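Note that the chains take the letters A, B, C and D in the order they are written out, and that residue 1 is the start of every chain.
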C-alpha cells in the first residue's frame, strides 16, 4: 500500500496558499475537521474560498477562520448560527454564495465521480436558477450545475489507516465522504489512525486512493450545537 | 421500521411480467441473484429486457434464462462466456446492446440519485457515440447518457435485515448497490437475513428505503468462473 | 383554532403505514410526536439518517449523532447512516413518500416561499429547495395569517420562491386545504369552531369552499 | 525480440512509487509479477477493489473475491472494496495514475481499437472504453505485428475504435514507442537484438527514429 501518513495538521496543510478554494466536511459542528481548522488559523493564510454546508459558530469551526478574517467567500447552504458571519456579510467584507444542500452535495459527488456537470430540479423557478442552463427531461425541468473544483478537501473521519482508507461514525459522516472524493488534494484527520490491514475492506467508506494525506487529530472537542434530551424514565 | 420481508424468491418475483425490464446485479458469476434467477426460470416469464454487466454462462446465472428463451434483450458491457448466447445472437433471436461498463454503472447511479442524465467521456469518437448528444466541458468531450429505467432490480447481498438494509461481501458488491437504488421495485436476496437492529447503521451499504422486498436465499452455489490459485509455499 | 401541536396532530393523520417521511424544522418536527404507534413509519433526516429516534436520555447525547436541525437524537433498530449525496439522491429519486415543511407564504398555484426575506439576514435554503423540487407529496404546516393579520395563502407569493408548483396540501391553524392542479385552494376541513366565512376572509388566494365543509377530527 | 513476459517486464519499469495502477487482461496482467518489491504500488480492479493481491493458495479461493478478469484473487493489508459506480468514478476523476491495456491496433494519433472485429462474435468493451477515455496515462501492451505479419501500429485504425487520441505509449515485442502530441510514433527503445530498420519495416504508421536508438534495459 501507499503510505499517506503525515505528522499532523501543520504538515498536512503546509501548502494551502492565499486564494485557495477549500472544501470542509461537516454538518453544523458535527464531523468538522477541527485540527485542520485550528492549524489554518495558526498559519494565518488568507483570502480562502470555503465550500462547506455551514459556517460554524462564533467560537468554533469555520467561525474561527471568519474571526481572523481569513475567509473571502463562503459557499454554503445554511449559515445562520454565527454573529461574526452576519456582521462581515452585512458590511460587505465577506462574499456568500448560498446553494441548495443537495446541489452542494451533488456537485461534490460530480467532482469525485469525474462528471463535469449534473442535473437537479432544486432551485428551478427560483433566484438560484438565474443565469443557469435549464433542461427538460420527461416533462420535468432541471438546472445544470457544475462539478466543484477545490484545491484542498479537509475531512474528518472516525478511523483511518495508513493507506488513507476512512471510516466515518454515525451522522458525522455527512459531507465528508463526498468531499473526500472531490479535492485535488484531500487531507483527512482521524480520531483513530491504525495500520493498513486493521480495517475491514468491506467497511471502508472512502477508499484510500482519494486521500492524499492522513493524520491522527488531537483534542477533539466535538461540540454539540443543540443539546436536546429527554428525562430518564 | 418498515418490514420488507417476503417468504422467498417466488413471492418476491410474483409480479414480474412479460416485457418487463430487469436489472440484475453481479459481475460474471460473482454476486448474482441466484435464487431470483431460478424462480424466474420456474415462472417462465418471457420477453424480458435484462440490464446486467454480463450474461452468465451456459448453465448458470442469466445463461439459464437464455436457455429457456425468456430474454428478449440484453444490455451489458461484456457477454462473452456463453455459447447459447452466441447462438441466439447470431440467429437474431436475441437483441444485444453493448455499453461501456462505467456507463452502465453510472446510468444505474443516475437513476438511484434522481439524476435524469450524466456526462461521461467513455465512447466519445466510437460507435457508442452514434446518435448521442455530445458536449464539451473544459475542452474535453463527453457523451450525455440517460438514467436507466428498470421495472425491477434483483440484487444479492451477504447480509440484510428485515428493514431492507443490505451489506455486501467483498467484490460480490460490484453492481449490486447501484442497481438496488435504481429499480422501481428492488428485490434483495441475502445469504443471512437478520432482525432490524442487528446490523451496525454505519456499515450498511444500501439503506432499506431502496429495498422493497427481501428474503433469505437458499442453496447458494456461488460458482467460480475462473479458478486461479498458487501452490502453497 | 389550532395551536402548533394541533396542526402537527392533524398532519400526523396524513401519514400512512409504510411511509418514509422527512420532517422539516418547526411545527413539522412536532408531527413525530403524533404518529400512531401501530404504523410502520421511518423518519429521514437529510444530513444522512433513516430511522430517526427520539432525543437521547440526559447524559447519553452523542455529538456525532444529530438531525438536520442539529439536535442530538438517537437511532432505532433498523436505522441506516449515509452521506449527504446519497441522502439527497434518495430525495431526488422520490424514495421519500412524504415531506412536511413550514412556509412563510404559499400561493394558489402551489408555489412556496420559506427561505428568504429581503432586507433581513438570509441564512440560506438548506435542503428546502431540494425537498420541494423533488418530493412527490408535500404538506405545508404553517400559520394561515401572519402577526400583522395578513393572509399567507396568496394569489402569488411576494417573497423569493423556494419552489414552484410543488405544494399539494396545506394545514394551518384554521383549515386543511388542497391546492388544485388547475390552481386555487380547496377547503377540505375547518379547525374546530372556525367558520368557512372566517377562513375565506383569511385567505387571499382563490378559495373553493362549500358551505358544509366538515370540521377536523383530531381524536 | 521480447516474449510476453519481456513486454510485461519492460512496462513494469514505467511504474513509479506511489502509483495506483489498473491492469487489463492479457499481457498487462503479467506486469504485476515484475513490479519491484520496494515500490509502494496499488493495483485497482475495476469490478471494485483497490489493493489486488496475488492468486489465493489452493483451497483458499473465495467465490466472492475476483478481479475484473473474473479470476480468484486475494486482498492485501490496506485494501478497500467499493461498488462499480465508485470504481469508474475514480477512473473518470483520474485518481488512477496508470492504465495498462492490450490492443488490436493503435494509430499514430493515439487512437486505439481493442474490442470488436467485424464479422466475429462481439463480446463487448467491458471497462476498456471508460479506461481509455479517462486515464491520464495509458500504456498499451501489444504485439507489433499480427499473425499474418501485418503491422498493428497504423496511420489509422481499421477496426472499430475503443477510444480516440488517448494512447501515449506503446510497448511491443520489438520496441518502446511514444505517440507524439502532433501525431506519429517516436521510437524510444529497441528490443534486444532488433534493428531500427526492422522496427521501421514493421510499423505502418509514421515512425520517427534516430539511428542510435538504445536497446531496452530490462532489469
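One rule holds for everything that comes next: a residue touches a chain if its C-beta (ideal position, glycine included) is under 8 Å from a C-beta of that chain, and two chains touch if they have at least 3 such contacts.
Because the structure is a prediction, the values reported are computed rather than measured.
Shared contact partners of chain A and chain C, listed by label: B. Taking each chain's centre as the mean of its C-alpha atoms, the one that lies farthest from the centre of chain B is C. Chain centres here are Cα averages; for chain B and chain D they lie 29 Å apart. Centre-to-centre, using mean CA coordinates, chain C is 56 Å away from chain D. Chain A and chain B have CA centres that are 33 Å apart. Put simply, the C-alpha centre of chain A and that of chain D have 36 angstrom between them. The residues of chain C that reach two or more other chains are 49, 75, 81-82, 85, 88-89, 91-92, 134, listed in rising order.
Looking at chain B, one finds that residues 106, 109, 113-115, 120, 168-170, 173, 201-202 touch two or more other chains. Taken together, the touching pairs give a contact graph of some other shape, not a line, ring, star or complete one. Contacting chain pairs in the structure are A-B, A-C, A-D, B-C, B-D. Residues of chain A touching chain B in their complex: 106, 109, 113-120, 137-138, 140, 142, 146, 167-170, 173, 201-203.
Chain B contributes residues 1-3, 111-115, 161-163, 165, 181, 195-197, 201-202, 204, 207-210 to its touches with chain C in the complex. Chain C makes touch with chain A in their complex at residues 45-49, 54-73, 75, 81-85, 87-89, 91-92, 111, 121-130, 133-134, 160-165.
By the touch rule above, chain B contacts chain D in their complex via residues 27-31, 53, 76-80, 86, 89-90, 98, 100-106, 108-109, 120-128, 158, 168-178, 205, 222-233. For chain D in complex with chain A, the touching residues are 18, 20, 40-42, 44, 49-51, 75-82, 85-86, 88-96, 134.
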